[in-house]
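Each of the next two complexes has subunit A plus one more chain, namely subunit B in the first and subunit C in the second.
Entry: the complex of A and B
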């Protein structure tokens, strides 16, 4: 039971080639690690699934809909409030006639959708991001494969990552790879 | 076959190719000229503010400047969105150059405020607002334009983050707010996916906002101030000619970047000219389509108010600007762009674009000077044609200065933000290869999503 509640620790492997990173992801999966514990880091966007990773989820698409609904509500309140507070009959039409106020509703809806989309991007980029370890070599073009594993599974994760021949393997304490020639 | 520039097909991924901002020397004659013109724009704007606040006729030519900015700088980022949506890889080196026009677009808001303040009350004249008492047209138009500008800036900001964030050690050392504004960038798969989704979503909103702003302003600053001018086609014409001029502006910018920036220019060539040239030709033809659709209805309907409006903007009062616009935006570009050789050469198609952008000034003069300078905007029909309102020296300086200021602000932005979208170009380099097919070299594209 304690094994399942132990905190997770992170390992980060750096690979020179995308194929090696894809190999590491496959080996982690074979070792029984969940897709949600694996993260790929790269300085260039690769097509989704290029590393064999699981489907990445985000909730950005919910934000414009929520914003549009809020904007429409505010727009409706604005236009109905303004018309009712100063009721002028124009051309025999109702005080609040849809064709006459549609542009205000459009504007309110668009404003809400845009604002919420921007906020959505910021929200989805919030801190903390779940990735603790990082290495500047990723910005130099190397590909990082990060795995969150419980203490007793760390050796399995390390073996899976090492089998894909990483350039370096990092934990919170530093590099786990022995320098060439070291005893 | 048009071959893509070789540099774009062989970009380094390790270390990754990182684009730079333009290196602009203040001693360069072009940059110095733009700085002088920009200063002229600022000075004439202040002079107008001080001497002509509330005087509608005095803001007639500034309205031309406003509609020019809205039809060039504000239209340009649409190309970045459209090419992303249509997965047009030819536009990879074009996207940031187009999106950067979101920065000079801010000038439109600066221009809009005093112009809206000079408008007469809505009562007694045709308008879009049907007696809406909630702040129309000032508040509604200003809000609509703010939404558009905010969307354009957000598009530029998000798409630039991977290029400006730098290595993660730098991002992680930033104060929390700054780090957040850099989207806490680390390059995870989720972040890349989020970035793509944000670009597409905001791009769609930008298009919606662009059309909407053109509808509002072409009506509030045009039709509703010239009694009898009622055209449902004019707002669409206004938006479409804006796209035409926006593409022309991008082509001119591309030619200048290729000429003056060897670093960025090696990615720009005839592939971009050919693709944008075709769209430009289509918009040139649509210029005629929208003009003729509008003209024919009024010609046959013979309603006195509409005829008077047509005589004002086309046939009599502003016939000279109309003819200049006709030749510069339609006839000359059409005759030139039908030749493949012109369309497929960046230098030549940029030359044609200069005609179009110049023609746009006259097109906006014929449409917006008469309404803004009209002393009798009330009623439903004009009883006599308004006299032409020709620019005085201050108006000419204002127009020249504002156009110069727009390009000066662009240059300033391009000197601070990488001029190319490095991450998209690197991805494009992975997904585009030239291969031999029988005895020909063909381009093989991968379109994963």
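Entry: the complex of A and C
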């Protein structure tokens, strides 16, 4: 029971080639790790499925619609409120004249859609993120494969990652790879 | 058609971040000169605040002069950025990669510059908040949302906010790259905060790709609305020469014409100033020139429509305005110059492949377009106001003052300085996008031809 409640720890392996990273992901899967615990890090977007990962599920498409509805509501409240608060009758037209304020409703709707989309991007990208393991070498083109595993499963994860011949293997404490020639 | 960029990730990083982490001497010289112009403009604005709009040379009946012309011009330039970027993203055009960021950044600084001019033009900038902000300021007088004075700020605010967010979202991977390559702790910390901990997970890349498409699709209608609303500043009045239903599309397409030309100019300057010769290629300006041929011709069509509608009704006031614009000096000279600069010279030249693929000729012709388009806005604004109308008994001829010329020059300085500062602090080319292009680029053999291909999901 305690094994299932133990906190997860992260390992990060760096690979020079996409094939090696894909191999590491496959080996982790074979070792019984769940796809949700595996992350692939790269400085460049690779086509979806390049590392054998599954389809990314997200709800980003819902955000602009929610934002547009909120934007329209705020825009309507503003223009109606402003016109009712200071009723100026011009040319016998209604105080709340929709054709004359439709531009503002339009802009409000689209502004809401943009704001919510950006919030959606941050939410769905899991940003801000300040806790995940990372290595600057990823920016140079190396591909990182990160695994979150419970303490008792860490050796299995390490073996799976090492079988794919990483350039380096990191934990929060530092590199787990022995330098060439070290005892 | 595209020549693939063939450099590995490390080389690409170094080249794309070179300007960010180095301090070329010319940067200080150019920055100093531009700041000098801005100081002169601030002095002019302070004097204008002290002595009123008359200091700028305005008198009845022409109160909309260089300031409003410049406002319309920079709003126009701002349109290309987002249009080019959004359309190219939506169509997933391969050649978009080096173009998008510069175009978007040009939009931001053109818009920020454009906004200054109605504020200065108001004579008392701080009072503009009474007209635009949705609050009664304890005066019992709310802003009138039925006025273009409120439509305009709402459209520009939406456009500016959206563009900044659009750029920021697309910039996240490059901020992470700058964080990883930063030469010292302070810059690493700053880029780190701005990057929000972006690590480049497959999920983050997927969301980035979708966000680019989604935001492009949302921003395109904003882009169309902004210049339409700017055109309605004129068209909803009853001033002959302005009161025209064709104004909205005419302004939008004119904005695209001047804006795309500005993007080409900026890219050519970037190619040499920032050492990006390997990324900005002849293919890119060739593609943009082809787009410009279509845009310029549509713009000319709308100009002719505006003229035709003005004359066809034989309204005396309308005909009088067009006569002033096209026949009477000095307007006839300006009219001929703007048509020659914006269409007659550049478009026939762009029909030749050699011109489209020449950085020199494209630089010259796109500058000409923007000279022409600036004069076009001048032609739209001033002659219509100069027309003598009934029950108006005081007239003064409008002639631009030295102060106005300084403000116009300073507006160019502000845009260039903003662009330069951005490029100094952040990658002006989307590094991740360019590197993705390298990964996806391949060459395939078709018969005896060896042609570039790009694999896409």
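The criterion applied here is as follows: the second predicted complex is superposed on the first by the 142 of 183 C-alpha atoms of A that agree within 3 Å, B and C clash if a C-alpha of one lies under 4 Å from a C-alpha of the other, contacts with A are read in each partner's own complex, and residues count from 1 in each chain.
One rule holds in what follows: contacts are C-beta pairs under 8 Å (C-beta built on N, C-alpha and C of every residue); 3 or more make two chains touch, one makes a residue touch a chain.
Note that the coordinates shown come from a computational prediction; the quantities given were computed from them, not determined experimentally.
Q: Is A:145 contacted by the first partner subunit B, the second partner subunit C, both or neither?
A: neither
Q: A:16 contacts which: subunit B (first), subunit C (second), both, neither?
A: first
Q: Once chain A of both complexes is superposed, is A:42 in touch with subunit B (first), subunit C (second), both, or neither?
A: A:42: touches subunit B and subunit C.
Q: Look at A:79 in the shared chain and tell me whether it touches subunit B only, subunit C only, both, or neither; answer first, second, both or neither.
A: Both partners.
Q: A:160 in the overlay: touching subunit B, subunit C, both, or neither? Say first, second, both or neither.
A: In the superposition, A:160 contacts neither subunit B nor subunit C.
Q: One more residue to check, A:103. First (subunit B), second (subunit C), both or neither?
A: Both partners, subunit B and subunit C.
Q: Can you give me the overlap between the subunit B contact set and the subunit C contact set on subunit A?
A: 39-48, 53, 56, 58, 60-61, 64, 78-79, 81-83, 85-86, 88, 90, 97, 100-101, 103-104, 106-107, 110-111, 113-115, 117-118, 120-122, 124-127, 129, 131, 134, 136, 138-141
Q: Provide the residue numbers of subunit C that touch subunit A in the complex, in ascending order.
A: 8-10, 13, 134, 136, 140-146, 150-151, 154-155, 157-158, 161-162, 165-166, 168-169, 172-173, 176-177, 180-181, 196-211, 214-215, 218-219, 221-222, 225, 229, 232, 432, 435-436, 438-440, 455-457
Q: Spell out the residues on subunit B that touch subunit A in their complex, using ranges where they run on.
A: Contacts found on subunit B: 12-16, 128-135, 140, 143-144, 147, 150-151, 154, 158, 162, 166-169, 172, 176, 179-180, 183-198, 201-202, 205, 208-209, 212, 215-216, 423, 426-427, 430-431, 446, 448-449.
Q: What residues of subunit A sit close enough to touch subunit B in their complex?
A: On the subunit A side, the touching residues are 16, 39-48, 50, 53, 56-58, 60-61, 64, 78-79, 81-83, 85-86, 88, 90-91, 93, 97, 100-101, 103-104, 106-107, 110-111, 113-115, 117-118, 120-122, 124-127, 129, 131, 134-136, 138-142.
Q: Which bits of subunit A are touching subunit C when the two form their complex?
A: 39-48, 51, 53, 56, 58, 60-61, 64, 78-79, 81-83, 85-86, 88, 90, 97, 100-101, 103-104, 106-108, 110-111, 113-115, 117-118, 120-122, 124-132, 134, 136, 138-141, 144
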